[in-house]
Amino acid sequence: MRFDEAYSGKVFIGSHPTWEDAKVILYGMPMDWTVSYRPGSRFGPNRIREVSIGLEEYSPYLDRELHEVPFFDAGDIPLPFGNAQKSLDLIEEYVDSILEKGKFPLGMGGEHLVSWPVFRAMYKKYPDLAIIHMDAHTDLREEYEGEPLSHSTPIRKVAGLIGPENVYSFGIRSGMKEEFEWAKEAGMHISKFEVLEPLKQVLPKLKGRPVYVTIDIDVLDPAHAPGTGTVDAGGITSKELLASIHAIAGSDVHVVGADLVEVAPVYDHSDQTANTASKLLREMLLGFVK
Amino acid sequence: MRFDEAYSGKVFIGSHPTWEDAKVILYGMPMDWTVSYRPGSRFGPNRIREVSIGLEEYSPYLDRELHEVPFFDAGDIPLPFGNAQKSLDLIEEYVDSILEKGKFPLGMGGEHLVSWPVFRAMYKKYPDLAIIHMDAHTDLREEYEGEPLSHSTPIRKVAGLIGPENVYSFGIRSGMKEEFEWAKEAGMHISKFEVLEPLKQVLPKLKGRPVYVTIDIDVLDPAHAPGTGTVDAGGITSKELLASIHAIAGSDVHVVGADLVEVAPVYDHSDQTANTASKLLREMLLGFVK
Amino acid sequence: MRFDEAYSGKVFIGSHPTWEDAKVILYGMPMDWTVSYRPGSRFGPNRIREVSIGLEEYSPYLDRELHEVPFFDAGDIPLPFGNAQKSLDLIEEYVDSILEKGKFPLGMGGEHLVSWPVFRAMYKKYPDLAIIHMDAHTDLREEYEGEPLSHSTPIRKVAGLIGPENVYSFGIRSGMKEEFEWAKEAGMHISKFEVLEPLKQVLPKLKGRPVYVTIDIDVLDPAHAPGTGTVDAGGITSKELLASIHAIAGSDVHVVGADLVEVAPVYDHSDQTANTASKLLREMLLGFVK
Amino acid sequence: MRFDEAYSGKVFIGSHPTWEDAKVILYGMPMDWTVSYRPGSRFGPNRIREVSIGLEEYSPYLDRELHEVPFFDAGDIPLPFGNAQKSLDLIEEYVDSILEKGKFPLGMGGEHLVSWPVFRAMYKKYPDLAIIHMDAHTDLREEYEGEPLSHSTPIRKVAGLIGPENVYSFGIRSGMKEEFEWAKEAGMHISKFEVLEPLKQVLPKLKGRPVYVTIDIDVLDPAHAPGTGTVDAGGITSKELLASIHAIAGSDVHVVGADLVEVAPVYDHSDQTANTASKLLREMLLGFVK
Amino acid sequence: MRFDEAYSGKVFIGSHPTWEDAKVILYGMPMDWTVSYRPGSRFGPNRIREVSIGLEEYSPYLDRELHEVPFFDAGDIPLPFGNAQKSLDLIEEYVDSILEKGKFPLGMGGEHLVSWPVFRAMYKKYPDLAIIHMDAHTDLREEYEGEPLSHSTPIRKVAGLIGPENVYSFGIRSGMKEEFEWAKEAGMHISKFEVLEPLKQVLPKLKGRPVYVTIDIDVLDPAHAPGTGTVDAGGITSKELLASIHAIAGSDVHVVGADLVEVAPVYDHSDQTANTASKLLREMLLGFVK
Amino acid sequence: MRFDEAYSGKVFIGSHPTWEDAKVILYGMPMDWTVSYRPGSRFGPNRIREVSIGLEEYSPYLDRELHEVPFFDAGDIPLPFGNAQKSLDLIEEYVDSILEKGKFPLGMGGEHLVSWPVFRAMYKKYPDLAIIHMDAHTDLREEYEGEPLSHSTPIRKVAGLIGPENVYSFGIRSGMKEEFEWAKEAGMHISKFEVLEPLKQVLPKLKGRPVYVTIDIDVLDPAHAPGTGTVDAGGITSKELLASIHAIAGSDVHVVGADLVEVAPVYDHSDQTANTASKLLREMLLGFVK
């Protein structure tokens, strides 16, 4: 007999026992090898699971419980250390397998570059895909010091894939001048500094569209998410981020997948950021999957 | 000669030298043995005292100084490790002795269950007692995994004692579905997520009533109180909590006792939470005791 | 598909997939509710598993690999918070079930009191049991402030059960005068300060005897094990503790069970102590089970 | 060949190679010997430089890049440990040399007393100087326990020098009653608790005046700046402080110098406060120097 | 009623209630204003008291209990921040008052310069005083960057006072070349790197002499005392330092006073160094005072 | 004027002002992208420089001062994040340029793989090169999960380059069984667990040979070097490592280059490991370069 895994934080609280009858697959992408500043997000997914034991399974915001949306915590995809391309290929392949079965992929990073292969998998299934992106950083570089596979590039890549006009960034407060200029010229949508109000403007325009939501935890102010690689002052509060998730949940967009990335436990005193991430994931799961 | 204790943080700054001529008794309840998640609040009261040396004795909010409200820091009640029932009995007995002398009890936890025996003592003296409760969590369980003495139960217990209609909870953002449902059916008052605005609505209704104020530090957002057992994102700021204390101070309710619980130093990098707690206690003392 | 658990530190590295065909059962006892000083060892077993991913499966000391001793990591026994007696009952029951199947119990604490029900289970099966005990503290109190179920009592209890002359303590450097005097009068064996040399003297006397080995991580000097509840200067090094485990492994005693207790992650910067504990457990497993 | 210093955080990101052709001199004042509570700000300037590598050189707030305002990071002024008077003399002398060349001094503390000699140097050059002061504390003591050179005194000193009516304090939430009373009587301007709104009221009155801006990082709430000597709950957010800097930048005052003080890395888990300080300095530099 | 102070770490465990009938006075010297590197030892004495609650009152090394040597914990001498000369004067005056009553002074630093006024007081009473000094650093500078009152100078000062031939340093592994050369020429005794063996050589020569023992915690290796201002690799273990204290205790020297300095809690994860210091003080007290 | 860099820890203490007239080049290799467990050593070199300000420039072990061996701290080689091959190429090229000028290369890692290009550069100049390698880990893998550029492979690579019989590993206590077996068969020299004694045996055999010394800081016990990626209990003390460096210094081998790798500041509470590393580097510099 093995004791209940959820009891000791080995899987996200409330995870169903089998992949097959789950509607949502929760999975980790433990990669941080292209980050330019502070690495460590490879340990994010597991720490989030571990602290989820402190969460209630009920959301008083959405009046819904985890058992109402059967999900399966699949663990972390085994990724080869230091090999970015192969890691991305493995992620794309795994998300393909989730989508094939009609399930909802809910990913945990890892650095933000892990969203790139997910975007590719999503786009193959949903050609009219739009992206809602919450982040402190533009992530619009074409390359970082000559390297096209960098955590500074995923949004530029997806803009190239699905068209810049289908990408909506919120909360952005850091980037190179060239990135902001490119976005403007290309017709990509960037809401600087704020998330909730501009999001409320955008959601009606995306009515009925398949939407993928990618959240970099550093969209939060460092006070709310110290445990990440690149903190940047002047961000939003966790209350505002929760309200933003709830705004999407209450809108008419069709969320088809989502992720939360860049939680780095080693910079996260007393698991503050991991605890917040576990609550955000619960709300994303309960709010995005009908 | 022993050097001044206040100098080195051994008692809360500004403490008067004797129990007898003090109007307020400040005391610690160093118990954390029933917590389900992260223990450590037993060390809260002492750390709060220690850092209070960094506080001014004057409140620019209330334009009042500590010497205007003579209080005595009695230290921590010696509680038997791991024996919850006996600990609770000792607390009740001590608060009885404070009330007997007509003094105002100002308690520091420890886990939230320590408020239960205080509620009992208060109710014996004030049969028309109302409770103002600020917390992230409902604390309305009847038991936790079969154990009726748990830090998840004190508000349920006091609702049974004084009537659910006399209990007002604010800032609640976590609990089981059953707890919220029970509160609704029983007629208990729960203000979800927010504190200040709903409190301003409630205070006039409690005009002239004897009120006990119990504050779980986790009503604050984790950004403002990382040093506690169970952090929960989406909370209020320390500025809002100060304003809420000042709202009570400026109202017509008759505050007859108060406590601040769940500060856990081991999760509190650089004593951020303990420093905030010491300021909250100063404002409670200067604001609640006329 | 759920990804390999060992990959992400969910079970101890090298754990076999099934209980049934394992020779050794590794299990956690996440209890810390009777500790008088600093709690937190309830999180020890899981942190040890998590960091075991950094271990090799091969011991260059014993020239043996984990697959040669099939073991199953059963997770943590679910224990009721704050209820010591019930927790102890559950532990005894579980160890009974391990012994019934002829398997070797390898436990991870939790506070040292968790060893008491294990001692009881072992003694039922092995009436001529001897105990090898490594610890900074005597743990010979009859009670702690009136409480007979305390982390300061397990060795006194087992001495009463199997006879003081069958208990061998090593490395002891802290205790009340009365405890040392009791041990002397009762005929119990205490080696003060040192472990390896006195152990080498004792092992031949225990030849062929069934022996249970209980190690409190605080037998190590605080430099080597800062992450524990009660550190005490003047202890042995991890090199000496490894050598002591290897001395037992190379002797003619018949080790029938073992545990390692009191790892408390919250005091353990960068997982130093948990990493050391995971290595000690690998060596205990490879050295004690033939 | 020495590798680029900016690459490894040895100078503030974007620093120009020479003193001579720089418009702004960025310099550190590593002194903390008069602090009454928690020392450590002597290490602030270097840590701020070190983490500035994580900053972009472009401000999306001001649409301006660092190369548009050539600045030179001069390192830390070597100050004699424990000798306050001599340290202050050295600072004044250095700022004199900056002003002599018509450059803009941008200082990094160190404790707040380091601003006092800067005020003196500024006043010599600008006799109609006004001070904008953002801080949690009044800093209006005449002395601290008999010592006139104390980190609690610089604003009182400068009020004496340039006239209390030319000093504008914002965000103040801590001080002795006497300090607030003195300010009121002397005609000094104190805005309690808030910064942005009262600042917007004041700025038009200072139109065209030479203004020195001194920011104590503890004007931020402890959630936003835990890494400082004396934290005080109820402060403003980093978003509000950024907006306040931008309000000054967009006004008609003539900023002639500025500093940011009291960052203390040893209390700053994961460099949260140092990161925020580095962003504030970038915005001060880009916003204050036309 | 104030609860027992020893219970909550407000005084060193086992402290007697009154100054008058105590044989030993334990006092803190919370000064760190002349340190050149990392400040923070001003908080050392209080943290040592706080953690002493985890100590037993019995020494199994010396077979003696604290009640056998009545001592009084007088708290910290109130010292003026940043004023070195006045602080030293206050210390000398206080130690004079202890010696006058025939009591044994046992001091806790604070930086090492606090020992200088103690040496002066001791020498006034004991003109044939010898010093046993354990430290990583020579502390033999005449001044530090022009400043004669520096934590790098106390041993040079005492050598001047009592004669270099009466000063015995042990464990020294850091200093300027000039310091080692001066010691050699002056006839001072320096044992490099090691403590126990050279101490055993020296003790017989000091038979019957009045000896003051001053221990800088950094004589320990950083592994054993990370919580200090200036760590230096290659030091001794806590086991060796305990043995050295016991060697003095068992010798024929007449210890007339002692101190332990330089514990700095802010660099001391989980209070490892403070715990070790509290044990060292217990052994010094039980071993040095007959 | 820029203030002295050494003053504020921007270069290693005692660094000479120019590359040209230096005998030794000290350089950082800030790469950690292939590590399988905990990343972070990219920040090692700069932290070592920063804390070197706490070091004396004189070695009482070797009776030599830094100015006697003119060295230049060149800063960190700028390496492209996440691109292992290109990083290695840049390192090799830089070390070539050092050797070309007849200077001694003293490197700071970064992960251990950075030594591989240095080995290549050294071998080109010294075809009869021998390697002295101190480490907890064999580092003898051919690849790590399919990846030949891994921090687990540098010693295998150099054994292939210069011949296994010319590689001497010391202190090894972790590796796969296959690695130990390969070493034995290939004729490589591995001294398990210990360093000093086996080193003393080996040094005479290497008399007159050009030797490169590569030290992984994890050869130290975790108590002595917690701040590294993969700690492993049972290691040597810093005292033993210093003695080992001094043994090489006092032997007849011809040290032609050296490095110290794997210091990872984020796991290094209070810079204990970085401080130790800075002392080790001073001793390597003073001891290895005649």
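As written, the chain order gives the labels A, B, C, D, E and F, with residue 1 at the start of each chain.
One rule holds for everything that comes next: contacts are C-beta pairs under 8 Å (C-beta built on N, C-alpha and C of every residue); 3 or more make two chains touch, one makes a residue touch a chain.
From a predicted model like this one, the values you see are computed outputs, not experimental measurements.
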Field: Third chains touching both chain E and chain C
entry: B, F
Message: Between chain C and chain F, how many steps is the shortest route if every step has to go to a touching chain?
response: 1
- prompt: Pick from A-F, C-F or A-C: which pair repeats the contacts of C-E, with over half of them the same residue pairs?
  reply: C-F
Proportion of interface numbers common to chain A and chain F (over half same, under half different): same
Field: Gap in Å, rounded to a whole number, between the CA centres of chain C and chain B
entry: 39
- prompt: Which whole number of Å gives the spacing of the CA centres of chain A and chain D?
  reply: 37
Task: Compute the distance, rounded to whole Å, between the mean C-alpha positions of chain A and chain E.
output: 55
Query: Tell me, which residues of chain D touch at least two other chains?
result: 38, 221, 223-224, 267, 269
Message: Dump the list of chain pairs that touch, please.
response: A-B, A-C, A-D, A-F, B-C, B-D, B-E, C-E, C-F, D-E, D-F, E-F
Query: Can you list the chain F residues touching chain C in their complex?
result: 37-38, 172-177, 180, 192-193, 221-224, 226-227, 230-235, 267-269
Task: In the complex, go through chain A and note every residue touching chain F.
output: 32-36, 38-40, 42-43, 80-84, 144-147, 149-150, 266-267
- prompt: Residues of chain F touching chain E in their complex?
  reply: 53-58, 60-61, 63, 65, 221, 223-224, 237-239, 242, 269-272, 275-276, 279-280
Field: chain A contact footprint on chain C (complex, rising order)
entry: 1-5, 7-11, 19, 27-28, 30, 45-46, 50, 72-78
